[in-house]
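Below, each structure is written out as structure tokens.
First subunit A sits with subunit B, and in the next complex the same chain sits with subunit C.
On to the complex of A and B.
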């Protein structure tokens, strides 16, 4: 297989994978280094990367961080199961897409406008993006390929991503469980001892207490707070 | 006196059924009517317009369609920049959008239109081409398409009324694909197509495209009751540091990647970006829009005369069918490119697409409202074949 999309750094001004002729895989198939392969082949290569490269990390995006659609909770649960089978895996969310100024907390989150900061600071050599809106996922994956040597994996509910080294499309919870089983198989083949353990809590997040939330706690997002249909809110800022 | 719009009960169908399987009946209508009839069947949530002269009847007819209950909302903006800005704003709500304009109106709205792709606005824009140059005129001329060609939008160019109907319907489906999700412009010539009648095979207006799916999108819509959408779509990327510049650079790349991805849907819904007649020919007439109708006639006449002439009708201007044209003309000796504008934007595109651009004959060109007689094309064909032609007009 000719590897058309590989780990970077691709350089100052990266050429996009589609402009190099890479096309999205048909439904049910995967992309591996820019080539259409079976979903299992892509998952197996991705599994080996996650098991053998330093500081494997999962970057969940908004579409899987919030329970906003019927299938999301199950998918999120399956993702945690998958994470718990990857030795020393971390989870660092991409909760939104706004640039974080003056400085992002690289231990707490990743951001599509400057993703390299989180990748480089945490010395992440293999990562999964899941639940990130496709536009921002493509930008992020390309910037990571431009400036780092990180192996990127895209798990996409829609059509996949040309920029990732391994890409799975039309993702459901069952696909995440299949990926988990492949990780366990490859881990055994590699002789890696591991007891199923969930990733550690995000160290930068304060303990959550939603019982006393007020509009002030929403900070710059407070203007976006809207009532639900029929709800009458008297407590305003 | 208030008027209550009828609540129409329609059968929702997908685009493949609508375009390829649904029964059709023949109608004799103008190009403007054909575009508005497509909008009736497209389940459009919102149409926004400033139907100034020179326009076509399209947005007036879409207003009628709103009145008849085919379109959910219709909004008359204050002028074209307002129209096109309102389209961008409305798309934040995650709805299906349509507008149309022409000539000076297009250029007035261009500042907003060129931002649509970057904002991932999957709207459909009808362009009914008119003169934009001074002196002021309202006559047909498609030079305005040259201004649209570099903003990232997908651009289709309709030859006739039937194309206008089919391409407008296909445009909604192409624009809304998650891997595309940029505007699709459907252009055709003012007067020659918009005001002239032709036969159009149309599906029943009791059918409508399946509703817009705001969830299947590459960017979040601003539905504030849906948590993942509590996110600003347009990151303020103008901060001065390297990564900010890079996000803008890769963002621009992404728009053109989206444009490139649209090609597979041009194949799926429209049969491909080009139509080729007589692929073994020595000389090809390459044309788009209503120039393709004249080119088709020149091709027919040439065949009757026993000349080795082929036809390439270009349906998609963006993404431009570079590979397809290059493969078709690899053995050609000359390419004649008739156009309805003075700069010859199609000839430039064709020249850039092939390794031997010297075989491209940039013309004949007519503009400012002039018609394109087939004899002008025949003259170029004869010259390219080394034959005499007595041009009489």
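On to the complex of A and C.
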């Protein structure tokens, strides 16, 4: 098999997978490195990547995080079962797509506009995207391929994604359970011992305590501190 | 775009960042203005908190106020265009559509029509929030045409009287004689009569103001949204100074807003009879609900 879509970094503005001739897989089949393969073949390769690469992480998107449709809860339960079978797997959510400036908490969330920050900071080498709206998933997957060496897996309820190394389309809760079984099988084959454990909860940063801040903490920016009316701060000058 | 979109799947709540959990638990979604409105800002999780606007930006304050005043944030979509404002608006927890150089009112026309067709049983609010350049210069034709067509949504113009985002060029809304970094000779022409243009184009509710009074500003925003739901286009022309381009010291931004209230931004409210009818009805309903709630609380106390 010729690997057409591979792990990066492919460099700034890489050629898009569709322009390399990669086409979406028909229903019931998957994409592996840009080639149409059986769903099981794609799942097996993805399972091995998740089991052997450092810091496997699942990035659930809005479509699976928010309870907006009847079947979401079941799919979420299946995803959590799957995550529990991957050794040391983490869940870092993408709750929505709004830009996060001036900073993003890279330990707690991933943003489609700069996903590489979360991936590089957490040293993630294999990840799953699920429940991210397709247009944002395409953008994110391509950015990850451009700037990181992360193996990307797209689990899509619709048509799949060319930019991912492994892509499964038309995915429902039953397919997630099938993927889980494949992961368990491959784990046994590789001789990895693991007891089913849920991923750790979200490590959001604690609220910042500014009560002890002094002008010195602002370093070279201390001259920008605005004083209160009538106040004259001598140690800034 | 519905309360369901801000309800997390139970088993995933522990995987959400703290910010989102707080927004779900203590945010304004599904709550009344008494519970989470401009009157008690600081006591609930706001829709817009972090933003990259300049220190002392009066526009950032007004945008924060707009989001706190929304009658139904979970059913609201905002639209904007290039300019300072969108940097903050796009970071709010309300869906935002970024228009391409001034086409926000054209997009809002299609969007509000589509919502009425797709969700005939729901009330979706569409609000365009753009600067003076986006509304009155670059987006002028699309703004005017949306009003002439009688499109039912709210237009809010954040008038800082300059192209602040691109280094200080004069805009149609800059006052005559304004000397700016990129207009050193002083502006040669008068400020555009935005509210008069809105009246001529058929807006049914128009307000010009400098939002120095939180309660009053919030009431105006809500009135404009309620009228747009039922009658026709509404327009708020608000002064939101650019303290960088007009060199207003941070501590004098509020005083400047007060000063403008006495000249270029004297409070002016215009409404048609149909708009007045809607406002009277809704405010009477709100008062009645408030009294009823107060009565229940007093009874409980007694």
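A few remarks follow.
We take it that the second predicted complex is superposed on the first by the 204 of 237 C-alpha atoms of A that agree within 3 Å, B and C clash if a C-alpha of one lies under 4 Å from a C-alpha of the other, contacts with A are read in each partner's own complex, and residues count from 1 in each chain.
Note that a contact is a pair of C-beta atoms (placed from the backbone, for glycine too) under 8 Å apart; a residue touches a chain by one contact, two chains touch by 3 or more.
Every value quoted in this text rests on a predicted model; they were computed, and no experiment measured them.
In the overlay built on the shared chain, the residue A:116 is in contact with subunit B alone; subunit C does not reach it. Contacts of A:3 after superposition on the shared chain: neither subunit B nor subunit C is touched. Of the two partner chains, subunit C is the only one that A:76 touches; subunit B does not reach it.
When the two complexes are overlaid on their common chain A, residue A:24 makes contact with subunit B while staying clear of subunit C. In the superposition on chain A, A:204 makes contact with subunit C only, while subunit B stays out of contact range. In the superposition on chain A, A:93 makes contact with subunit C only, while subunit B stays out of contact range. Of the two partner chains placed by superposition, only subunit B is touched by A:14; subunit C is not. Within the superposed three-chain model, A:68 lies in touch with subunit B and with subunit C [touch as defined at top].
Shared-chain residue A:108: touches subunit C; no touch with subunit B.
Comparing subunit B with subunit C, more residues of subunit A are touched by B.
Applying the stated touch rule to the two superposed structures, the overlap between the subunit B and subunit C interfaces on subunit A comprises residues 62, 65-66, 68-69, 96, 98-99, 101, 224, 226, 228-229. Subunit A makes touch with subunit C in their complex at residues 60, 62, 64-69, 72-73, 76-77, 80, 91, 93, 95-96, 98-102, 105, 108-109, 199, 201-202, 204-205, 224, 226, 228-229.
Remark: subunit B residues 120, 178-179, 181, 215-220, 224-228, 230-233, 235-237, 239, 243-244, 246-247, 249-251, 253-254, 256-257, 260-261, 264 touch subunit A in the complex. Those residues of subunit C lying in contact with subunit A across their complex are 2, 4-12, 14-20, 50-52, 55-56, 87, 90-93, 96, 250-251. Touching subunit B in their complex are the following residues of subunit A: 13-14, 16-19, 23-24, 62-63, 65-66, 68-69, 96-99, 101, 112-114, 116-117, 133-136, 138-139, 142-143, 146-147, 158-159, 162, 221, 224-226, 228-229.
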